[in-house]
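Every chain is named by a letter (A, B, C, D, E and F) in the order it is written, and numbering of its residues begins at 1.
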């Protein structure tokens, strides 16, 4: 039995509020249990220098935690004049994951900025960010498409992410902060709607893990992402028709 | 008649959600029309170097806008390695305003960090931040008081803030973004529940203003703050009894 | 009676040395009692990115204190890699105040850089900076005008600034450092030669102030600015003829 | 057949020069084909603030590329005032991997700094860094042990790392730069001498990958790390006796 | 004949104003022709970390140019977030030169901060800074000595600096900006009152120079420093008696 | 007799490995005794803003020490967000020295980046960097020349650098770290193959030095550079024919 009474393969309660703020073409508040992240997709009609004149677009992500989002107040990056190392790692992961389903040639010379701002962190913020960002990105692409329809639809698949880990009770799905702090192994698994892997990061800082354990974790993560995407499909309905 | 149909001396709809996030002793979502700011008060059991050993506490504020909170995406400070000049100005104002009602001797050697993070900016974010921060600060002080009661209550008065300006139609109260962009004069007025001034900043970048105009603006601001504090009293009820 | 024997409504001795250094088109050493600030206006034949191609010019200000200008040595901003918060606030105020009398369309695509470098700080440095910067700016504009006459003269009015505050002895004008440190309320008032307000910043960090007190302060500030501008007129003589 | 004539499961030529420079207790030049990294382990007799007084030690890593190590000159981090995002990610990975075999309680209140400086980058620099850093760390620990013997030996296992990827020709081991740039999927696998996983990072930015493909990659990586560790054992001989 | 009519071995007019500002124990405005530098010596009753507990003091220097001090406005270091390379070089030189005559053991655990702020730069600012800083340092040491007399006087000799160069007309002394820009070789020579060398920096970026030319430059510099120190002795009179 | 048994006028053993890494057109490992520096010359087909459109090229240098290159680990510049003052001074010196023999008009609109990265520092790193950088620069220029021959050869002379100092035993050549730490006077002398001076920096922080001592040092430095250049000629052979 887990701290919060869930089964080992049970997701926390998911809630997605679309249109959460009014200025971004895609704006989502995603909640996975007590983890809450604002994910927005903002369109800018220009590209970074290395893409200028290529006709290709870009998708890039930034991730940050509000100072009040954690148990102990987290100092702002600007007060240390450095981007937090963990944030760097996470925002690179978010960017790569979303670009993996994005046809940048079709997007055209524009940048979609993904901003994931954590307002309450109870474990799994990077995974919630990726899932939420996928919804915001799709909403933004649909908004562009409505104004000036794309010939080919630029998003080729769905993306979701979930964490798995090995706790005292064996492999568990979707760890909250308390579970995450005591897990021996933890892994973040980003997948698409076909059950394929987009990205995978596993860490055994507490102890190494065997191939057998990894298989168990991957099976659990596959189930978790499947459940998650089923809910996302339910929530987005018709707005996914160009992808599915 | 104003863009959104309000009277010249009419506030936008105020909504205050207390306990908005779970880790800070005070956590408030304040909404003034479409302006939305998360204001939190986090307690840290130490003080800056200049207060160490004095027995006195400190209240300090930080203000930031989420990149997606504005019409055009606002780059993060860390990406330019500098704190935005306007944010610097605003967070200094918030800190001064709250310290003006705070007895730092009574607080003891602890720091209360006020964080105001704007999630949607439709004019008047600095004023909403101050009003929201007052509520969060009071909630935090009450929470400390519950654990280890203060001999003397450290907060001596209420604080609220409202903007006034001179638009085409003359003096107006609580400007939204569209009004703010076209106002000839604008002023931010921070007051207490006795109708006294705590801080005042008036700017006539478009054109200078006369003493007569200033008096009209101050009268309007006084009325605005009075209305605002009446609502805050309604919302906080018994939690203000040690102040009033 | 005040510390230095002045009446409550008496300015400190003003001294303005024009042509203080040789490279800037406008270069002024302004002294208000023991407060000394070098104010220069340097012309650069280009504008910031956001004005390129608009035909409009720009006026911007930077303010800094020499490390040796204060009682305790002030570390340089570069040694902390951050612009001092107070300096940020002040230089934004100087810039706004001067732009309020400047016709940027007439100026043409050039930038006038105002640099205010405090060499001795005895209270009221921001006000001295504004008054001194007005003189330097006018000298620079006259120098440009001499080389290539403007069709319309770009400066529309005079600007001066003075501080007022409430000390033990009631409202006082032009506070020196000792007075400033003990004042309960202090206010900086920027005005033009018609007695209109350009900008106004009042702070009651020690205690709030009433509308009545504010009126007294504003009356005092109006008199102070009037006296100040009379002296500036005396000093600049014919060089103001295009403004007055 | 691969570009450089290797079999799909064949490592590049490994060369490890121990004692490469004279000041660090551990100093290694590791070469994997044309990839060359200087890995050093320097001992400092103090710990970061969060460990002071706990009796525990720390192992931390920094990774950087010389400007001349890449095909196009890489600007120094200091010239942009930011640590490169990729370097951040890599140095965090190196640190976690080495700490996973390190008993920090036994190490005592000292820090071992791992520095990985790439002098020539031809693919797989993060993996070469980890393997080289393990050798440098062991040399440094043995040097400490010689001066003041540890009661318990602080290193509990070996660490090595290898990249695998899916190229045109299917799964391949130890990708050089040319292969890495065209691989559809690539994965970095950090393992110990028992064939267990320490860390795992797989990315399918070009296209997602199936569970079956992942199994093939992991099998290949296991073989690669086994080959690699066999060579490291050969090179270090008796110096590993306390671990094996 | 030189541009400004001087002989080849003639110094520009020297003017030293002591007590230029009121807060620093030593405060000097030094003018060498049109070059003007404010040199101050401020005493702080603590030392850098590396000297804590050693009983030794420290002398350190900072050098900066006001933005308006040069023909083309010089951007502030803080606006680029980097200390100017040339300033770095110069302030290290000033610090070394003054420490060369300072007995840090006798000074005791205090730091003397030397600040050299150039208000008008017409060549030779680093040399003027060193000579002016020597005067400010001596004034500050004498001021400390007056309050709490040193057993041994901490300054062991005088320091002055002058530039020499090879122009069209051969070797010349004390180059102004116009001469400096066209000189083929230039050298800064720091000496003491015994005619010995403290520091020497010669650069032949335009063309290399021979041993014979160097001898001519050193002879000229020796004469220049002798003349300069004679004037400094005249100006400081009795205040040098503990040194001479 | 010196610590390492050398005569007072004897260089340490010089070793130059050309083609040390594969991506830069010039890449040299220079060893002077235990001092080891990687010097590379990388060609970039553009110039800094101030040279754009002039047809002229640029040569610039960067110098850094690996953290493990010194007895006590040296923190990376990026971890302090500032370029080390000593490195700033040295890289400016390297740049000036190489530009002194470079015809930038003939080079054309390209930049040659010189990178000097110290991997082991046993005294004299700035001198070794200059000598090594000269070789790397010449190799790079020859490589360009081979692809697209220059009409005029852009390098006009050889450059080498050596340190001299006054130790207990009198003037000594090419000081190692132990000697450097105890020398009373030390000087770095950059010369060309005609025995002329390019740059000269002498410091007497321990004690001032006389004209006579300086002559002795310069004579020693001339001999040292002559010996050094003889070895460089031997090593480079035919590759210097366009210069000599």
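Please note the rule applied: a residue touches a chain if its C-beta (ideal position, glycine included) is under 8 Å from a C-beta of that chain, and two chains touch if they have at least 3 such contacts.
Keep in mind that this is a model prediction, so the values were computed, not measured.
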{"item": "Common touching chains of subunit D and subunit B", "value": "A"}
{"item": "Touching subunit B and also subunit C, the following chains", "value": "none"}
{"item": "Rotation in the CA alignment of subunit A with subunit F, degrees, nearest 5", "value": "120"}
{"item": "Over-half contact-pair match to A-D, picked out of the listed pairs A-B, B-C or C-E", "value": "B-C"}
{"item": "Inter-chain centre distance, subunit A versus subunit E - centres from mean C-alpha coordinates, in Å", "value": "59"}
{"item": "Distance from subunit F to subunit D - Cα centre to Cα centre, in angstrom", "value": "33"}
{"item": "Approximate Å spacing (C-alpha centroids) for the pair subunit D, subunit E", "value": "51"}
{"item": "Touching two or more other chains - residues of subunit C", "value": "81-83"}
{"item": "Ring of chains, enumerated from subunit C in the sense that reaches subunit E first", "value": "C, E, F, D, A, B"}
{"item": "Subunit A to subunit D touching residues, read off their complex", "value": "81-83, 85-86, 88-89, 92, 96, 99-100, 157, 187, 191-192, 194-205, 207-211, 214, 218, 222"}
{"item": "Touching residues (chain side subunit A, partner subunit B) in the complex", "value": "21-24, 27, 34, 36, 38, 40, 42, 44, 62, 64, 66-71, 73, 76-79, 81-83, 113, 115, 117, 119-120"}
